[in-house]
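I'd like to ask you about the structure that follows.
For reference, chains read A, B, C, D and E in written order, and residue numbers begin at 1 within each chain.
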Amino acid sequence: MLDLILNLDYQPLWITLQVATYTTILLIILGTPLALWLAKITGAKKAVLEAVVALPLVLPPTVLGFYLLVTMGPDGPVGQLWASMGFSPLTFSMTGLVIGSFLYSLPFAIQPLMHGFELMGKRPIEASASLGASKWDQFFSITLPLTRRHYLVGATLAFAHTVGEFGVILMLGGNIPGVTQVVSIAIYDHVEALEYSQAHILSAIMLVMSLLVLSIVYGVNRRLEVKVG
Amino acid sequence: MLDLILNLDYQPLWITLQVATYTTILLIILGTPLALWLAKITGAKKAVLEAVVALPLVLPPTVLGFYLLVTMGPDGPVGQLWASMGFSPLTFSMTGLVIGSFLYSLPFAIQPLMHGFELMGKRPIEASASLGASKWDQFFSITLPLTRRHYLVGATLAFAHTVGEFGVILMLGGNIPGVTQVVSIAIYDHVEALEYSQAHILSAIMLVMSLLVLSIVYGVNRRLEVKVG
Amino acid sequence: SNAATQQKPIHLAVSANFLATLKQISQKFTKQTGIPVYLSNGATGMLYAQIKRGAPYDLFFAADARRPELLEQAGLIEPNSRFTYVKGKLVVWSRTGYFSTDLAKLVVTSPQLRYFAIANPKSAPYGRAAKQVLEHYGLYRTLLKSHQLALGENVGKTFHYVATGNAQIGLLAKSYLMTHSVKGHFKDVDESLYSPIIQQAVVLKGKKSSEVQQFLDFFRSEAVQVQLQKAGYDLPQKGVK
Amino acid sequence: MSLTGHLSLTRGGFQLDTGLFEIPETGLTAIFGHSGCGKTSFLRALAGFENEAKGEVVFQGKLWLKDGKSLPVYQRKLGYVFQESSLFAHLDVENNLRYGLKRATKPHHIHFEQVVEWLNLAHLLVRDVQTLSGGEKQRVAIGRALLGQPNILMMDEPMASLDSLSKQQIFPYLERLRDEIKIPILYITHSSDEVVRLADTVIFMAEGKIASIESIEQALNQPHSPLYQNQDPRSVLSAVLDSHVLEDGLSCLKVGSAKLSISYLDKAVGETLRVVISANQVSLMKEKPVLTSMLNHLPVTIEDISDFNEFSVLVRLRLKDEPWPLLAQITKRSVKQLALEEASEWIAAIKSVSILN
Amino acid sequence: MSLTGHLSLTRGGFQLDTGLFEIPETGLTAIFGHSGCGKTSFLRALAGFENEAKGEVVFQGKLWLKDGKSLPVYQRKLGYVFQESSLFAHLDVENNLRYGLKRATKPHHIHFEQVVEWLNLAHLLVRDVQTLSGGEKQRVAIGRALLGQPNILMMDEPMASLDSLSKQQIFPYLERLRDEIKIPILYITHSSDEVVRLADTVIFMAEGKIASIESIEQALNQPHSPLYQNQDPRSVLSAVLDSHVLEDGLSCLKVGSAKLSISYLDKAVGETLRVVISANQVSLMKEKPVLTSMLNHLPVTIEDISDFNEFSVLVRLRLKDEPWPLLAQITKRSVKQLALEEASEWIAAIKSVSILN
């Protein structure tokens, strides 16, 4: 057993961490203006856009991955555009994985953020504007701290979802050890190869680590908690 | 093309709808007391429990499905307990699918609900208690309508996630045509069998239907919208 | 060893049913030559779709002959590199011992029989073969109608279904039962009852390096061939592509 | 004694510790004290909203709180108006109003139409509560609490955001509630005008403690009553309605054995009233001027002269047969000029008086 | 003219339409009107919080709003105190206070320590704003707005939840702000006391419109001023501080050519003041009583007698050389008894007066 634990390939863990971190950061950065905008608009447009954001969820991840593979591959429209800008191919690369995970986890980040912005309402922003804070200042000194819990919910759901993500990554990333083989795929491979012990160990490591990280994140968040209203 | 559309097997669509509906209803019903309790407790216990709820996310669905298959199978502890109570087996059945999806989508339902309850605060409940409403009455006449948007977010994320769900269902459901073969698996099979047209058609149907349903749900919700605070 | 660090690694894309066996083979190969081998496991259809879009694999061990053929037609492989590496064999596995491995005696209505597991005939070659066998015994329609047919997405999942006791009996790849100690008993299925499960491999276009050639040579070596047979595969007859 | 007990509660650095209190069964009891002295905390603990509150509360013989066991709020039949209006955001005005009404046991004493009229809510009924102005919200909150048919009404600064016209319109109905339906009302306010106008009893709070519970007469007759920080002292006298002089629009009161004319008051002859007279409204003169528009000239005896501030004194005057003294604030110059001294007799001229309840 | 323009805004069934307004550059301007008349809507539109507001606003020569183009609020240098306290929930009291201070251009005219002292906030600085009482929150909100070093201060019922002591403590500093730092203050209130105490100008609003903008003297000298719905009319007279009688603690004012004694006032001789006298504090008599504690007896001429209500009249009296009239509320019985008629001369006895600014 100890032998198994020592001889396991831990690189997938590291790659998973990278993909999930990049994806989450990207979701937070790009998701913020999107969620701010969705929180502001009204009417039919809003309902449809909200639905569009939630759409990636309803396709099986492998199928979503397949369509992304087609679109982002060398012959696909996105892939060609990307290549014409002189970048190396998206598919089977970390960049591709991050983009795929981004799309797939988008609703988990956007929904809580949007909701947070709506709940906060205009009042705190009005108050900070009257106190001389510019738009950026308003966002960083008021909106961000007041919606911190929503950011946390969004970020943890998105992070956890990316860590467990499998179908999109397998399809788009190609299960290439050392490059795109994330831990979810590694566990899957062990199960496929009927190497149950290894699968159990990796799963246990994942669960314990996640439990630890999530507990700490939630615990710290509680401590800093702000109850609105 | 039309030929293809007419000859497609639409039963998986129907099964998907059933599984997703049951799962969502179960999540809402059982998730409510859980979220209410999580919203009330404090301290380290809360942080750890929140983390536990989010855990199913970090395992690849197929692997989660595998563990569930073992546990809920005729030789597994849950399966034996279940059988000893005189029920027919959980695995390869609609019931099993719903339980698996329930666990896998739990965080998507719990997190928004918990958050909604915390944001609502105690004041509306205090007001309704002073007006003579009993605990149940308070919940149905105040808490539920005031957190309706959180229920909606939770329900749509959970529903959409169950519809697209694949790994857990594939493993646990046994892909039994007419019983547990859901649309996500059907699409996947088409892709695997290089029947791309069929896959496209099913995917398109899924997307359009989901877009419609989600738009309507979000639109109706907007109309009834309650801004708190 | 020192040499190992200078060797270029090779990437193998492998269909799930052959993963465990290929893993063992490539570990031996690496030990002998110092050339690292990376395995990418996946469903054949998925790997095919990826290869069509430039996946960086060197060799592709498919679960059937169709996808390698399609790749050849598309000009995506090294000329003449397509070869049959094994022929799959189907076995009936009755885990509980309640059911005979003789399918002719199977009573579908028996209350002990909840599920019969096969791989999905639509996507998995072993599934297609299993379907032919069931049809031969007139069981396929019956099982399908009574919702007793559990379809594994691949043979691996089909194996899990039976191994965990969720299905009582199944038709699956012999290789799974040869390499793992399992409960119950199993029996080869008469090969005339199903069209041969030809599993082919190809070298992908531009990937014919000396390391790849070394691997191919190693794969064709006597020792490996014996190992394949032990693992429950039939060897391709000489001369058959 | 209707509402009795003692309560303690800790919130951060703040400590509420009421000591034993007894709040009368009827009438309006004002809770008065500085910002942050614990009025809201006290009332919330009393109502049962603070789970950490310790102590004992008995209301009309029913145990509300004892030994850590608390009767659920919804069984207490109380009406509560919160300091910040807490309307249900998902209901329109009408449904907010009807929320408690639907849940009240019959028969109803307070009717929907009545309340809508009292609080002038008819034009707001279909409105979304989010769109109401500050004062409108508060009126709806008051109405909602009333319609719950409470056995006791608790209000936390309910009038703070109302303009004086709205207040004037609501006061009479609160008075009616207090007098006709006879439910006790607990009323937090920082307005001494509201206390004078409405209260029968005053609970003075300071730094988390109940400093004293006094009848309004006691409260007002203290020379340095907390009700009048930096303001004039006032006196409260009991009076009996003696007669009406309808043609002049006057009513005549007997205060002790003296007579006091006031604007016509719609009460029966023989009723007992309380008259508030601000100390700086009272002047002393040796004899009544021959021709004056001032109605009231009462013969008084000086009982006591005490310093009020650097330049003026507070003179305690005694009316014949009246238990409470009449206070006059007089400059020291006048004291010198008039040679005021104890036991001497004077005429107290009073221009305006106000009537309690 | 400091703040001029016109604004219109539609919110549901409510329509704000101010017409042209001109608000003076200095002093405190009260916005007064019934609950729901549009005070908050007007002030918010003025500040720039309502994006749908149409019209034009110019402040100190700077265009705030014109042709749909609106200067961003954060560039307007205004301080705003909201009707419901809107403290930042994620900051403690000190950081709420410092929020605007950090962002203000130097030099600062209003200092942190000053404000903390004025508003008595020292013991609250480290507190979480969620734990403050209603009044405490409001004090922090006022302090935060002041520390933003605004060029104009807008306050929406800032004192509504403050007790009278807190108010008494804050008034002088608002006055100081108004007089020393000389920034204009716009102040919504429904308390006529606050208007009388603080305002130089009053904007009367009714049903979404500005009914009139009046100086405080004009506003108070209307017999039926909206400031005193159902209350006594008052008169405001201009007076010059004539002399101090230190040993008696009195100051002597000249009102027209008559003299008026009041409690000692800490102002320089020669300064102009405004004196408010409630009409029911004024009695008429034929001659001054020989011995009386009443300080003030002014010779007046009756200019006009008009019905006030069923049983009393309002008598307009003229003091010699004073532009504004003195009002007295007298019962009809006294009018008969004294045979009051126009142009006859009387002595007006006045017990108490109050001083504006």
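Basically, a residue touches a chain if its C-beta (ideal position, glycine included) is under 8 Å from a C-beta of that chain, and two chains touch if they have at least 3 such contacts.
Only a predicted model underlies this, so the values are computations on that prediction, with no experimental measurement involved.
Show me the overlap between the contact partners of chain B and those of chain E.
The shared contacts of chain B and chain E, listed by label, come to A, D.
Please tell me the distance, in whole Å, between the geometric centres of chain A and chain B computed from their C-alpha atoms.
20
Using the average of all C-alpha atoms in each chain as its centre, how far is it in Å between chain A and chain D?
About 60 Å separates the centre of chain A from that of chain D.
Could you state the distance in Å from the CA-based centre of chain C to that of chain D?
Each chain reduced to its C-alpha mean, chain C and chain D end up 90 Å apart.
Cα centroid separation between chain A and chain E, in whole Å?
57
Chain D: which residues touch two or more other chains?
none
Provide the list of chain A residues touching at least two other chains, using ranges where the numbers run on.
Correct list: 62, 66, 188, 191, 227-228.
Among all residues of chain C, which ones touch two or more of the remaining chains?
Residue numbers touching two or more other chains: 46, 49, 160.
Hey, which chains are touching each other here?
A-B, A-C, A-E, B-C, B-D, D-E
Given the complex with chain E, which residues does chain D contribute to the contact?
11-12, 33-36, 40, 83-84, 127, 131-136, 139, 157, 160-166, 168, 190-192, 229-231, 245, 248-250, 263-264, 280-287, 289-295, 309-312, 328, 330-335, 337-338, 340, 349, 351-352
Enumerate the contact residues on chain C facing chain B in the complex.
43-46, 48-49, 70, 114-115, 117, 120, 122-124, 144, 147-153, 157, 160-161, 164-167
Of all residues in chain B, which touch chain C in the complex?
Residue list for chain B touching chain C: 66, 69-70, 73-76, 89, 91-92, 170-171, 174-179, 181, 185, 188-194.
Taking the touch rule as given, give the residues of chain E at its contact with chain A in the complex, in rising order.
47, 49, 72-74, 76-80, 82, 86, 88-91, 99-100, 103-104, 130, 144-145, 148
Quick check: in the complex, which residue numbers of chain B touch chain A?
42-44, 46-48, 50-52, 54-64, 66-67, 107-108, 111-112, 115, 118-121, 123, 149-150, 153, 156-157, 160-161, 163-167, 184-185, 187-188, 191, 199, 203, 206-207, 210-211, 214-219, 221-222, 227-229
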